[in-house]
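Reading through the structure tokens given below for one structure.
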Amino acid sequence: MRVKIVIPNSSIKFRDSQVEERRKAASPGNEVEVVCLSHGPVSIESAYDEALAAPYIIEEVKKAEKEGYDAVSLDCAMDTVVRACREAVTIPVTSAGEASYLLALGLCRKFSVVTVLKSTADEIRENINKYGFGSRVASVRFANIPVLDLKDEEKAFKAILAEAKIAIENDGTEGIVLGCTGMSSLAKKLQQKLGVPVVDPAVASLRLAEIYVSMGLKTSTIAYEAPSEKEML
Amino acid sequence: MRVKIVIPNSSIKFRDSQVEERRKAASPGNEVEVVCLSHGPVSIESAYDEALAAPYIIEEVKKAEKEGYDAVSLDCAMDTVVRACREAVTIPVTSAGEASYLLALGLCRKFSVVTVLKSTADEIRENINKYGFGSRVASVRFANIPVLDLKDEEKAFKAILAEAKIAIENDGTEGIVLGCTGMSSLAKKLQQKLGVPVVDPAVASLRLAEIYVSMGLKTSTIAYEAPSEKEML
Amino acid sequence: MRVKIVIPNSSIKFRDSQVEERRKAASPGNEVEVVCLSHGPVSIESAYDEALAAPYIIEEVKKAEKEGYDAVSLDCAMDTVVRACREAVTIPVTSAGEASYLLALGLCRKFSVVTVLKSTADEIRENINKYGFGSRVASVRFANIPVLDLKDEEKAFKAILAEAKIAIENDGTEGIVLGCTGMSSLAKKLQQKLGVPVVDPAVASLRLAEIYVSMGLKTSTIAYEAPSEKEML
Amino acid sequence: MRVKIVIPNSSIKFRDSQVEERRKAASPGNEVEVVCLSHGPVSIESAYDEALAAPYIIEEVKKAEKEGYDAVSLDCAMDTVVRACREAVTIPVTSAGEASYLLALGLCRKFSVVTVLKSTADEIRENINKYGFGSRVASVRFANIPVLDLKDEEKAFKAILAEAKIAIENDGTEGIVLGCTGMSSLAKKLQQKLGVPVVDPAVASLRLAEIYVSMGLKTSTIAYEAPSEKEML
Amino acid sequence: MRVKIVIPNSSIKFRDSQVEERRKAASPGNEVEVVCLSHGPVSIESAYDEALAAPYIIEEVKKAEKEGYDAVSLDCAMDTVVRACREAVTIPVTSAGEASYLLALGLCRKFSVVTVLKSTADEIRENINKYGFGSRVASVRFANIPVLDLKDEEKAFKAILAEAKIAIENDGTEGIVLGCTGMSSLAKKLQQKLGVPVVDPAVASLRLAEIYVSMGLKTSTIAYEAPSEKEML
Amino acid sequence: MRVKIVIPNSSIKFRDSQVEERRKAASPGNEVEVVCLSHGPVSIESAYDEALAAPYIIEEVKKAEKEGYDAVSLDCAMDTVVRACREAVTIPVTSAGEASYLLALGLCRKFSVVTVLKSTADEIRENINKYGFGSRVASVRFANIPVLDLKDEEKAFKAILAEAKIAIENDGTEGIVLGCTGMSSLAKKLQQKLGVPVVDPAVASLRLAEIYVSMGLKTSTIAYEAPSEKEML
């Protein structure tokens, strides 16, 4: 099985910092490749960033299908243009935000998301409403750290831990979803400290892609019709 | 007052077919200009098309603000990347889908949308859920006519009328919103035939933009924060 | 175009204090008239007050249609018997609460209402639920000032400002709707101070009425059927 | 215990046709009195009728409290101005629509209402949404018979039966609520024929009032504050 | 009329402490009997306890029907396997949680439940969502006292009172439902102290059962089909 | 990794018919064992059956933890007492209904469940509401075949296919979840015929259990507290 992980930003440094994590996370027999975009913003932190990255994400996802990958995992908790990607290809496309919510729902009644910024929190809240999971989400909080500053792991850990604790004490949450795949490496340590399940969105998306492939499940073509061919300027 | 109407596709023919309609629809004292995109698909009929058009929409909206327009009206019932546009500029940005739902809500308890294709119907349904208006929408139907084929007005009229009648008889609707700005010219004739209010989404968006300007109302910057400056590849 | 503004209370003093504001707010070419009721309570602050005023509101709205007005704007944020008014006449009837919510929805994802009293806050909350907008409302707060005491503008300003700030800081709101048309004159000053859009409900209702007239849109007669003739004791 | 039954229309004939039914339905020890309004429409079939009857309903309810009744049962499935009545007095006020929904909810997962006209069906649907019971209601149907024509019991029985059967077969309902207290006398016969519970709204309201009195439960004064004294013209 | 009250735990002491209360609460002419289970846990405080008690509850309910009782009142605010009980017999089965919510809904717009433990609060919240009443519930709070410790009435009273006050002041509630039938004897005293309606769940369930019997209403057999006969190991 | 599959009925024949399927479905390195109950009904087709099986399910799940299994997969689409099981043990407990809904949500916007009987359809619908996924479910249909009759695979295939086709054509569904683990062997063939994703609930649950174990994720102990020790009769 071959799953391609598409990080929907153009930062090669960020990609390089994640490759090893993702390879370790892949199930035996899954040859993952991790790519970022050739063009677009170096991080996705707003609807604006998403709009600018959109065509390049589609490009990478279509390329993955042509290269014979069995599935694509979109490595971003904002689920950027995931619906358009599903229209673009017939292989399953999982996405870090959506996949991590699905896994969290089997572990607790209410979970909270802790993401990087207010702008990503707003987008994540809208996604959750769009998905119809609103009644299961206690809160969406943010650590106020831009994506590319997550590389200062100690600072990031402290800030995320603080928000997660507030979510547990004040918001009545029972589990945490990390709201940025750049937080992936901190998941286990946070779980140990917090004593509640902490879902790593990057791994969640990768595993869900693997399940779909192994079970022979593909995106519904009624739900996500192939777009009609048309002129492009 | 100057409102810029941005049609988020690249079809100059489509733009030319709409210019006169929009100028007539503008309130006295509003100097509208109608533009389409320099790049991107010739019509927007799927999430895929939206993704490909996204950066060029942002570009036009930002240009409008620099040119000193007081507001932008996005002339597409799919509300393509409207959230990103609101982040990109400080002038109000209205959008044909959203604006027409808002007007319909003051005229009836339940309305139906009649749009062009199943793929646009799916997107419109998701928008309506995201906006939280689901309980007021009787149905989203489609006439099965691609956007650029709407120029055969007689055929379009018949197909839209048929769907609107089903919406009234079977779905319990009380008003119709046209789900594509290319249907704009048919609104009055449909209303006469159907005996229920038929909202023209292009005019709805233009008028809402005019109201916001005249009342001194701007997009909330808490809701739609200006994106942070960052490197683009 | 002629829009009649019906203030659904019997206080001529209150009416007189609003006339100039409304005339200034009317679009060029709209000859507004502002009336209050001949009978009923001097202010509408509870469901009880609404019940006592109800037949006199209907009377004024029917009179407006007979006098040839193109639309009626109900000048009360509690949207008192607006459904009955729509049944009573065929011209559009807008209402200050509903209209201001519709305008706010295009400017932010979540708005808060700041009204006069707990009893009006309760009614407004019920209206919002009935309209199906509950998921877009961060909170309904009240300044604890009876309608007729709003004439002490400085005191009113301070109290409304305080509640609006709590709404922004604690409730996560992104825009403010004033929940009483007696607060109309304070909207711009509050907006300047708060830095978020502040919607004036009286002007919102008037403008929405103007749009409906100019677009040839009328209340759906399927939604609001004309009542059958019957004996009255 | 003394419960006053207020029929919120001005038809003495209708009242007279219901008195015996209500007296039989009262629990032992409950001295019921049944009154209709001194003024207002002869039947309540629209929001318009409700508005015209509103002050006279309040009047009767206040009178009941002064006369020392322990509770009031509003004998109308449209729950006309029930909120205002609860503000007006401190004794419990039950209402035929609301009470019958509450009883139905303990007997089945989904119920349907069968009422008289489209206009009452619309109002009932709005009430149900306002009460937050929408997810438990399979449908609101109407027999297309004006209230005062229900006295032709055979015709009424057939029409209601037909709609109830459609509700069971097509709408997936599991129980029926009669949506007009004028249908009261048909409840048992319909239940026998349909094989599902059929709730008589007039008796439901009366019994609920009796329970509240016997359990010492009164309307929450936080929920329904006493209106402030004010000038009336 | 004969209503059997089934306490779904195995504590004879608990049963004995409730018998007198229930007998006093029964309407004249209703010969109640109060039983507890022959097997199962001595109190029901978790889904785990409910699972262990489940078959014995069914057994008691079926026995009641065979003994000729007209209805069963399940005397537990967790509504343990009430759906299964309704399948098992044709006589009405009311339950303390559900019945008390139904009564509270006619007295206030928003109520809060105060129960014994976090685990029962979680279950009650799930029930409320399942019943579709979520929008009417301000909060579910717990006094942190195990069921069998409620016999220290003074301590229980203080702890419940404290939570109810927080519900009124912070959660915006307007009425209280006691979330354990072991709190039954405290209802009136709490109501006096709090000034809002306090619903006793045990009496609510008993009264609702009495209403159903007196009105000739039975559980819908479409909603709760009789289970098919099958082999048991 | 060792996952124990607990079939919550007492039919050894049914168990034997599923063992091979489950073993094939397990990922490499997962030593699954498949057990059924020692006591209880031979199939679970109603809330009544669930109540009778409840304590024996708990027993098996606790035994699995003592035997050192890493997770339990409850092999029943009705998710029988899954909450109680999660309280009873600290290892993850997945369940066929819930797990299959989670997987379906990543493949389509709306799915339908096709189950065996009306009584299981009712229970599944209630579970879906309880989980908060209602807005994503197009319909819950049933093939009208008791669980143990599914062994006539040809008949079962035809009946399920027919219902799934109605779901696609009439209910607007985009994917199918099989609503009984006894249908497991038909999933692939149905998917081929229908052209939409068909989720096998037994495999979905098993895979989800494997993911949780491999990611080090456990049930939230805040969500599902360990029950307090207490006396059992």
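Letters A, B, C, D, E and F mark the chains in the order given here, with residues in each chain numbered from 1 onward.
Keep in mind that, in the parts below, contacts are C-beta pairs under 8 Å (C-beta built on N, C-alpha and C of every residue); 3 or more make two chains touch, one makes a residue touch a chain.
If you're wondering where the values come from, they're calculated on a predicted model, not measured in any experiment.
Novice: Chains shared as neighbours by subunit C and subunit F?
Specialist: Joint contacts, listed by label: A, B, D, E.
Novice: Please give the intersection of the contact partners of subunit C with those of subunit E.
Specialist: Both subunit C and subunit E are touched by A, D, going by the contact rule given at the top.
Novice: Which pair wins on C-beta contacts, D-F or C-D?
Specialist: Here the pair linked by more C-beta pairs in contact is C-D.
Novice: Over half of the interface residue numbers used by both subunit B and subunit C, so same, or under half, so different?
Specialist: same
Novice: Centre to centre, by mean C-alpha position, how many angstrom separate subunit A and subunit B?
Specialist: The separation of the two C-alpha centroids amounts to 30 Å.
Novice: Quick one: subunit B and subunit F, Cα centre-to-centre, how many Å?
Specialist: Computed from C-alpha means, the inter-chain centre distance equals 44 Å.
Novice: How many angstrom between the C-alpha centroids of subunit E and subunit B?
Specialist: 52
Novice: Quick check: what residues of subunit A touch more than one other chain, meaning two or more?
Specialist: Correct list: 109, 122, 126, 129, 132, 134-135, 223-224.
Novice: Counting only chain pairs that touch, give me the topology of the graph as line, ring, star, complete or other.
Specialist: other
Novice: Dump the list of chain pairs that touch, please.
Specialist: Pairs flagged as touching, ordered by label: A-B, A-C, A-E, A-F, B-C, B-D, B-F, C-D, C-E, D-E, D-F, E-F.
Novice: Per the contact definition, I'd like the list of subunit D residues that touch subunit B in the complex.
Specialist: 122, 126, 129, 134
Novice: Of all residues in subunit A, which touch subunit F in the complex?
Specialist: 27-29, 92, 94, 98-99, 102-103, 105-110, 131-136, 168, 174-175, 188, 191, 195-197, 199-200, 203-204, 207-208, 211-212, 214-224
Novice: If we count contacts the way the header does, which residues on subunit C are in touch with subunit D in the complex?
Specialist: Result: residues 10, 37-43, 45-52, 54-55, 57-58, 81, 83-84, 87-88, 118-119, 122, 126, 129-130, 132, 146, 223-225, 227-228, 230-233 of subunit C touch subunit D.
Novice: Which stretch or stretches of subunit C touch subunit A in the complex?
Specialist: That would be residues 109, 135 of subunit C.
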